[in-house]
Amino acid sequence: MEVKHLTEHYDKDGYATIKGYQKLGGYENLKKALKMKPLDIINEVKASGLRGRGGAGFPTGVKWGFLPNNGEPRYLLCNADEGEPGTYKDRLMMERAPHQLIEGMIISAFAIGSPKSYIYIRGEYFYPKSIVEKALREAYDNGLLGKNILGSGFNHDMDIYSGAGAYICGEETGMISSLEGKKGQPKLKPPFPAIQGYLGKPTIVNNVETLAAVTLVIRDGAAAFRKQGTEKSPGTKLFSLSGNVVKPGNYEVPLGYKLIDLINIEGGGLKPGRKLKAVIPGGSSAKILNKEESEKATLDYECLAQMDTMLGSGAVIVIDDTNCMVDLLGVLMHFYHHESCGQCTPCREGTGWLEKLVNGIKSGQGKLQDIDLIETVARNMCGRTICALSDAAAFPAMSFVLKFRDEFEFFVREGRSKIKGTSYAKMHH
Amino acid sequence: MFKLSNKGTEFVKNELSRYESRRSAILPCLTLAQEENGGYINAEIISYLAHLMDIPESQIQEVFMFYTMYNKKPVGKFHVQVCCNISCAMNGGRELVQHLTKEFRVNDGEVTSDGNFSFSRVECLGACGGAPMMQVNEEYHENLTPEKAVHVLKNMAKGNSHGS
Amino acid sequence: MFEKVAQKLKEPLMPKCTINGKEIEVKDGTTIMEAFYQKEVPIAHYCYHPGLSIAGVCRLCMVEIEGMPRTQIACNTKITEGMKISNVSDKAKDSVKWALDFHLINHPLDCPICDQAGECGLQEQYMHFGKYEPEMGQGKVKKRKVVDLGERVVLDTERCILCSRCVRFTDEVSKTNELGIFNRGDRSEVGTFQDKPLNNNYSVNTVDICPVGALTAKDFRFKQRVWLLKNRESICTGCSTGCNVNVYFNKGGVYRLKPKYNSDVNGHWMCDKGRDTYKHLNVEARLTKGKKTEEGKTTECDAGELAKQTAQLIEKIKKEGGGDSIGLIVTAQYSNEEYAAMFELFKIKLGSNNVFYWINNQKTFEAFDGLLYRGDKNPNTKGLLRALSKCKFDQTWDKLEEKIKAKQLKIVVVLGPENQEVYPDISEKLKLLNSVDNVVWLTTNQVLGTELLKSCWQIPVKSTIEKSGTYINFKGLEQKIKPVTNIVSGALTLTEAAALFAGDEIPFDSKTPVKGERVWNEFFHHRGDL
Amino acid sequence: MSLVKKDAAIDRWFLPGIIAGLFFTIKKMLANIFNRKSMPTLNYPEEKFEYSPRFKGTHILTVKKDGSLRCTACMLCATACPAECINIVAAEHDDPVVEKYPVKYEIDILRCVFCGMCEEACPVDAVRLGPEWQIPGVNGSNFIYDIRFLAYRPALKGGIPSTVEDEERHQAGI
């Protein structure tokens, strides 16, 4: 069942403006937080077990704890790049409740003692950016930002920075490089951003939903927050449902919710006359689940990790039986080949190779050992690079070939797709 | 010779001091230069910016060539970008592009003869719920069918309405 | 007890670790790569360079660390206590093999026409870690080839493995930010903005540090194959910094100079002007035979023979006019031993102290471009000044002009400059000397315009790379060099010339090697480091 | 047992030894008279010996389709040659696709031992050892074969095309 905590007032009109937001209890949590000691806020977030909603699922409290307490100015960056195919929850949150995000960011900034924070929004989001900019001006005008916020002596500046179209800028250090005006190429880790990030200063990067969820943690307290979701993945999460479902959209369900219920109840099930074939649970870089696995899967970090996939950014992509898996893998491989930043050799050359292999099969000239080659190349790309894009490219390749090998072999043997009526061969990029 | 409007030069000046490092101003200034030059950037603009912002040309060229939203070739007045990633591909994104390019008798990445439209396939635009969809300059148009898309674009060409 | 603890705290933490089974101890904070470098354990790497920042992009320096599931890159991982590192284990070898495989799938493999063949990083590592059946059957990515980047460097973006060494060089060392990596993914290409020429004074360093043939030097383009060259150490005589260089040569002469690492003189780098200094060492530009030009008539004779005749001439003049009528003009291009011999000859044997120091570029003496290239263009100014002050020759240059006008000097011996480009005032000095009736010019290269002198004897002299000696650079650092090769075998060194001028024999036989000596094919040779 | 044979009386007369030897020659003469075909001698130059295709004779520099040299002056043959008789000088080609070609390619045929190492070393099948072996040279004549002779001598009728072709390799993307 959909549980609306974060998105409670999203459809109330005026919620995007500061008056509408304050009328419905907005910025009360900020007042409450400013009275608390920063360390208590961090412990509260740690106790609530809130995990990163961007994709890695790293416990937010622990991440804040890595910051060195040497008084150096530190930055809070909001990762609103949202490039993961299938994900469109941050866009909804920024269009409907920009103040929720701003409030969450001010609380977090107060907790980690950061004087300056940036919202890095992806370049294509012109409309959401205009809304957030308007909200920022409103916040400044009402004394919620700038010097001596609400008389608490805490001064904080917030700015918005727009990217220019690069999936890699969704990666923590890629975003930091982009913010520094360079190519969005990830930086070497260690040193991790918490120690040395934006312009060499300690930096904390959090997703939009994570920062918004901080307001819930402050409002209800860690115990109440833990009531929702499972023991290890507490709280609710926004899932972006897309693909061959009747009602695609963003649904907020508690973590641990059954995947198949999300598809059938919230998503309205598959289009009539179509059968479920596979589900990508967490955005395109999560390994794919076939029909049986998706029926068993529940939407939380632990269960999906056991099934050798990941919750990721919570983008559930439903695939029915009218799609040819070889073609879909070709689309994904083209995506990763186009988006690889080209810094590390395994990913730069590997993504190109994977795409050429899949296109080779799609064009009918593929050979049987090409299928094993896809698997070997993907396996040898994992864990060999600075950031996880090469793993993100390798995971779909490995899981598609592992779980839908028959379609690949059919394509090699027959030179056409196993799914009837698919003239995909023509539709290459 | 390319020259920014003085409003543009003003914008560049305060962008340079707005962020902690001057180099952070490269992205916003390139976006501004692209708007002022009718949607695309060429080498002349980059050397002009390098001279104006006192930043080495290779650093600006690196940023310009890296990001996809800086157009390398001239684009139409309405630059139509259709998403062809996985969710849109399953809902006919690619067929939509084929239909549009056949309809306006232009192939991928080129400008129509009247200079109004240019089509390109792009990666995920973060609107997978409204698949298939397209972005025209700054607006998103979702839940399209080939006919509806042509209709929207025709209206734009007549200039009577901005967006659906 | 507390002293022990305090003392332990004071002395720096020295983590111990084992590399390929050998136990070693390193300073705290050194990366695994630096430990491998210190212990000279070979490790595959492309983008790491000791003189540049860490990029960590080629992913070739994979090492297996006990306890870590995945292989880690060596250049960015710091050593902690008790770390067991191995880069020869199967897992490490396999990841290096695959990293190399990814480098090679889009590589054009045009080794036949690539100058880097023989010292190319890809060939090197392929022989250790490759030797596999190529799996890549699909088409390679095509990029621009033979891009002209100014008059010293040629770029081939297809061979480039995007290790960003050259980009980091122009950002960190030459600080000219000319190179960048444009586009994204495997369409990325190194280059300058609109192919602007790379015209800083250190551009050819990017060719040295490029592990593949993407950046090649125009001056060495297609001249010789690397495995047919030998290289030995020497110093560059371009200016007074005294950068340590590797001279690449074979029987055909000297082909190029490459910098050799020396932490307190030139680090890893060398300037472009210094690289051209090999051009005047080759036999075409050199004076191979003694030349006597009297009243426009020139005759040639053997160098030793000419030196003996000079000895008799000096003996004759010394009898008539005494020591005072003999002059010596010195340039700061020779070694300390040679100065000592020559000054000892003049001071004691001939008893003349008309020794004059020819300073070539007084105005730009103190110029310095911030990295290596100095205004003082002589390799041994400090050595010469020390020798002059030791023998108390302190006559200034205008005294020489007086003596010449007063016709007091009958014979002037000139220790001519080896590197004539930095001596633009040679013709001016020739005009000054034409009133002297005998001029003996010891030089490595032909001196133009000697016909207008009454009588000028040119004696060929060995260049820096053909003789041993010590040179003192601007900082006062004495650098001893050994002879590299033998280009003009008949030439004399100044010590030999001084001995001959004094009338006694050269201690050892310096005849030219017997004709028909078997030309030795350098199949195995000592290669420069990558 | 000593190898020296005792001097039997009959051996002191040399005549019987000679007759025994002649016996073998006469046998061969009669066979040749009656069976002319089996005579091994060849009447050179009318009949020439047919060497095997792998015969390593005078060198040939193969050519591309457009007639220019296939050799890229990569010096591998000069390095592999045990007699060091190949001397190559490379230069920059004005067509950037070709990039490098030999200005001078000389083989000192008197030093060459026809071992074929150059043919094996060549990565692009530019130099081969051809079937010709009767190329004369009087004392003092030019035994240094240059490009004109090696690639375009009349016997080669305009040059032997090489098996390795750049265009196909470029299209195949190798």
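For clarity, chains are labelled A, B, C and D in written order, and residue numbers in each chain start from 1.
Keep this in mind: a contact is a pair of C-beta atoms (placed from the backbone, for glycine too) under 8 Å apart; a residue touches a chain by one contact, two chains touch by 3 or more.
As the structure is a computational prediction, the values presented were derived from the model and not from experiment.
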- For chain D, the least number of touch steps when starting out from chain A: 2
- Tell me, please, which two chains come out on top when C-beta pairs in contact are counted per chain pair. A-B
- Chain nearest the overall C-alpha centroid of the shown protein atoms: C
- Item | Interchain centroid distance [CA atoms averaged], chain C/chain D, Å | 46
- Item | Centre-of-Cα separation between chain C and chain A, whole angstrom | 55
- Centre-of-Cα separation between chain B and chain A, whole angstrom: 24
- chain B and chain C: spacing of chain centres that average the CA atoms, whole Å: 52
- Note on the structure: Expected list for chain C, residues touching two or more other chains, is 138-139, 181, 183-184
- Task: Any chance you could list the residues of chain B touching two or more other chains?
- Result: 59, 62, 66
- What are the touching chain pairs in this one? A-B, A-C, B-C, C-D
- Message: Can you tell me which positions in chain A touch chain C when the two form their complex?
- Response: 166, 183, 188, 190, 337-346, 348-353, 356-357, 360, 373, 380, 383-386
- Message: Residue numbers of chain C touching chain B in their complex, please.
- Response: 177-184, 192-194, 196
- Sort out for me which residues of chain C touch chain A in the complex. 54-60, 62, 70-71, 76, 78, 95, 98-99, 101-103, 105-106, 135-136, 138-139, 141, 161-162, 164, 181, 183-188
- Task: Give every residue of chain C touching chain D within the complex, in rising order.
- Result: 109-113, 117, 138-140, 142, 145-146, 221-223, 225, 227-228, 519, 521, 523
- Query: How about chain A: which of its residues touch chain B in the complex?
  - Reply: 82-88, 90-91, 116, 122-127, 159, 161-167, 178-184, 198-199, 240-244, 248-250, 280, 284, 315, 317, 319, 323, 327-328, 331-332, 335, 338-339, 341, 427, 429
